[in-house]
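Here come two complexes built around chain A, the first alongside chain B, the second alongside chain C.
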Partner chain A sequence: MTLDADWAERWIRRTADAVADRRDELTALDREIGDGDHGENLVRGFRAVVAKLDARRSEADGSVGSPRLVGDVLKLTATTLMSTVGGASGPLYGTAFLRAAKVTGHEAIDTRTIVAMLESALDGITARGKAEPGEKTMVDAWTPAVEAAERAAGEGDEADALRAAAAAADAGATATIPLVATKGRASYLGERSAGHEDPGARSTALLLAAAVSALDEETV
Partner chain B sequence: MTVSIVLVSHSAAMARGLAELAGQMAPDVTLVPVGGLPDGGLGSALDDVTAALRRAAAAASDVVVLADLGSSVLTVDSALELDDELASVAVLAPGPFVEGAVAAAVAAHGGSDVHGVVTAVRDAGRTFARAAGGASLEAADEDAGPGAAGVPADENGSVTTTATLRNPLGLHARPAALVSRKVAELGASVLVDGVDASSVLQLMALGATQGRELTITVSGRDAAGAAEVLAEMIGSGFGEV
Partner chain C sequence: MKKLLNDPENAVADSLAGFALAHADLVQVHHDPTYVARVGGATTGKVGLVSGGGSGHEPLHCGFVGDGMLDAAVPGAVFTSPTPDGILPALHAADGGAGVLAIVKNYTGDVLNFDLAVELAEAEGARVATVLVNDDVAVENSTFTAGRRGVAGTLCVEKIAGAAAMQGGDLDDVTRIAQHVVDNVRSMGVALTACTVPHVGGPSFDLPDDQMEIGIGIHGEPGRRRVRTAPADEVTRMLLDPVADDLELSRGERVLLFVNGMGGTPASELYVVYGRARRLLEQRGVTVARSLVGSYVTSLEMQGASVTVLRLDDELEALWDAPVHTAALRW
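On to the complex of A and B.
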């Protein structure tokens, strides 16, 4: 398995599919504790990224282009999300992909780079949103994901690191249910935010699950 | 103008309305409203925010940005991270959106530099908090006591005079802005009923109505002249009588 630009494209396309499939669930979560637009916003954002990937692919047809870099796909994703998502998840995921793009300017990335990519993404989200673990935000999915990837990278390969990250993000999202939000729109609800899963943590779990599913070239 | 202002809201209508409101008090300041999604929905779009920042940057040497909630703030941060040139001239000023924009516009109109405008936005938050605890504000007024009209007051060369509000609506937004702009123009340090008269918000927070006698204390160069100008301005009813 090579983690190259094709993998990155599959990752983004499958994320677009995943958020479209789960749009209602994300929107319902956000309606409980936010402004109810998270599902809609992510569907619009990732659809726009897919449209750009399609356009770039048809332009590239028949020409011998320069080597395709993982970071190029991630940077295109970043700037498109920032311009089209509309909600806070636009600049947050946008910054995550932007920082991730900075460490993945390679044709293929290895285990160490995949960990660096996830670390950079989390750093970007933290720098932008200024949230800390335990505040009921997407950081509560990203933080355990990065820690799990770091541990898995010690003994496994890049696929193991990604799988560990996705599983930890899923558990991290579930663990936000009892938390009281102190950052983001949900914080206006105070105690009433407890009892609901954070939509940003859930979409983070979907995003990382798509990165794992993209390891498989066949399934779409 | 040294400073132009960008107002970033989730709602295009809110940004436009606020630019209209603040612009009424600061007609010479470039106020660029931006908000909402290209399809008309609520949200923040990076491209639009970047374009607004560029427009403001073309109109002044520095840009002060106010943003309403979460994604507006994050989108401004992102726009500045992606564009070094913009980042070198624009700064996001934390503070209450409406009060901060009004204070920023008036400060910019008075010729404040970027630091002064950002401070005005920050102080708008403090004024807000003081107004919420209005009792302490009134207590401070009583402590200050009425000054002796027209008499040079103390050894620091400060001058105290009084003027009676004649216009029916009292010291509302427009006259408060006129007073604070005049204070900026005079370059004097002025207290009106104990509050800093360079702050339009503090003047408005006095809640001074028609017939109230205001105590004006001026220090700095030509304090007597400045006190006279301000007393005459207030006494004239701001063209509203």
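On to the complex of A and C.
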């Protein structure tokens, strides 16, 4: 399995499918502890990215041989999310993809680059949102994902690193349920935010699960 | 929930189209990306004022574009902050060469998107200052939250900073005055009902008939605590006391009292709240020197109200009184 620009494109397209499939769930989570727009915002943003990918693909028809870089796909994703999502998740996911793009300017990426990509994404989110682990935000899914990818990279290949990251993000999202939010919209609820999963952590888990599903070239 | 809409996805665009036609003498609505600017563009030599935020709070902010208030406003999707690609051209449209002040409500999304846009504008050579409005006293411990939110006090900041800019203040002056308002304005709100975001279709939170939310923000998010409904006088005290206490108002001080409707509460009820709030302030020996009552910073069709108090001094009083001519506020 080569993690090339085609993989990156499948990753983004499957994320778009995943947030559309789970729109109601994300909206319901955000309705409990936020303002109920997380599902809508992500669906709008990733649809816009897919539209740009489609447009680029039809432009590229006929041209042969130009190298396509993973980072290009991620950069297009970043700028599109920044300009279409709004809310807090737009700048956060936008910054994550922008930082990830900076370390993936290759035709294909290896295990070490996968780890660097996830680390850069997390650094970008932390720099922009100033949240730390345990504050009931998407950082609580990204942090264990990066740690798991680092561990898996020591023993396995890039697919193993991605699978470990996705599984850890999923567990990290679930682990936000008992937390009391101290950053983001949910923090205004104080103690009442406990008992609900953080929508940003859940969407992070969906995003990384899509990166794993994109390893499979067959359309799902 | 019944709403006067066509396709809910186009709620903001359809509303802005009507707004543009109704107030063509004052504003021009730009599309792709969306922002609203004063007709005739930036005033040369005047500090430009820009604000923005999620839609659903009308007339905030677009209704405050005009003479003596904002030069441009950026509406996002309903309850969703606008994106940098809309904020950036608004900053440029407001720039008459004397710099631009961005007035940002302290919500994570608004702050992040404005930060990105200001970075981009500065990279393109613009001079931009930012003031964060955080008047909401319902957020008690800002160490453990994203900080106090910007709510109805934003109107006071936009009006007074707008007047300061109109009178020729430079960017430092206008920023200082805006910050001075932020430092002296506090608000607290109550929701009697939730509201329904058009494209979501269901209420933004569940609120039983006999309950109300004290300490709501304006983005349809629930408040800090839920209590049984009570007569207006009692509810007003729950809102006014924390505001006055937080301001540490002392006898002999003069204030502006602003009772704001959340969208679904009639003016008659707002005046009930105003009357009680005024008596409570007078009992504290505080003089209500200026007043505003109406629905200016709303949450769609939510029933409820907020009480805002601004501590006045001669400078702020004169700037509040200065002429303003916008779609929603004029004297």
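Here, the second predicted complex is superposed on the first by the 218 of 220 C-alpha atoms of A that agree within 3 Å, B and C clash if a C-alpha of one lies under 4 Å from a C-alpha of the other, contacts with A are read in each partner's own complex, and residues count from 1 in each chain.
By definition in this document, a residue touches a chain if its C-beta (ideal position, glycine included) is under 8 Å from a C-beta of that chain, and two chains touch if they have at least 3 such contacts.
The shown structure was predicted, so the numbers you read here are calculated from the model rather than taken from an experiment.
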item: Fit-or-clash call for chain B and chain C when the two complexes are aligned on chain A; value: clash
item: Which superposed partner A:R31 touches (first chain B, second chain C, both, neither); value: second
item: Which superposed partner A:S120 touches (first chain B, second chain C, both, neither); value: neither
item: First, second, both or neither for A:S213, with chain B first and chain C second; value: neither
item: Which of chain B and chain C A:T111 touches, first, second, both or neither; value: neither
item: Which of chain B and chain C A:N41 touches, first, second, both or neither; value: both
item: Superposed model, chain A: greater residue contact from chain B or chain C; value: C
item: Against chain B, colliding segment of chain C, chosen among 56-64, 200-208 or 218-226; value: 56-64
item: Doubly contacted residues of chain A, that is, touched by chain B and again by chain C; value: 35, 37, 41, 82-92, 94, 128-129, 184-185
item: List of chain C residues in touch with chain A within their complex; value: 33, 54, 76-85, 107-109, 112-113, 115-116, 138-139, 144-146, 149, 197, 199-200, 202, 204-205, 217, 219-224
item: Residues of chain B defined as touching chain A within the complex; value: 37, 41-47, 69-71, 74-75, 77-78, 81-82
item: List of chain A residues in touch with chain C within their complex; value: 27, 31, 34-37, 40-41, 44, 82-92, 94, 128-129, 181-185, 187-190, 192
item: Chain A residues within the chain B interface of the complex; value: 35, 37, 41, 79, 82-92, 94-95, 98, 128-129, 184-185
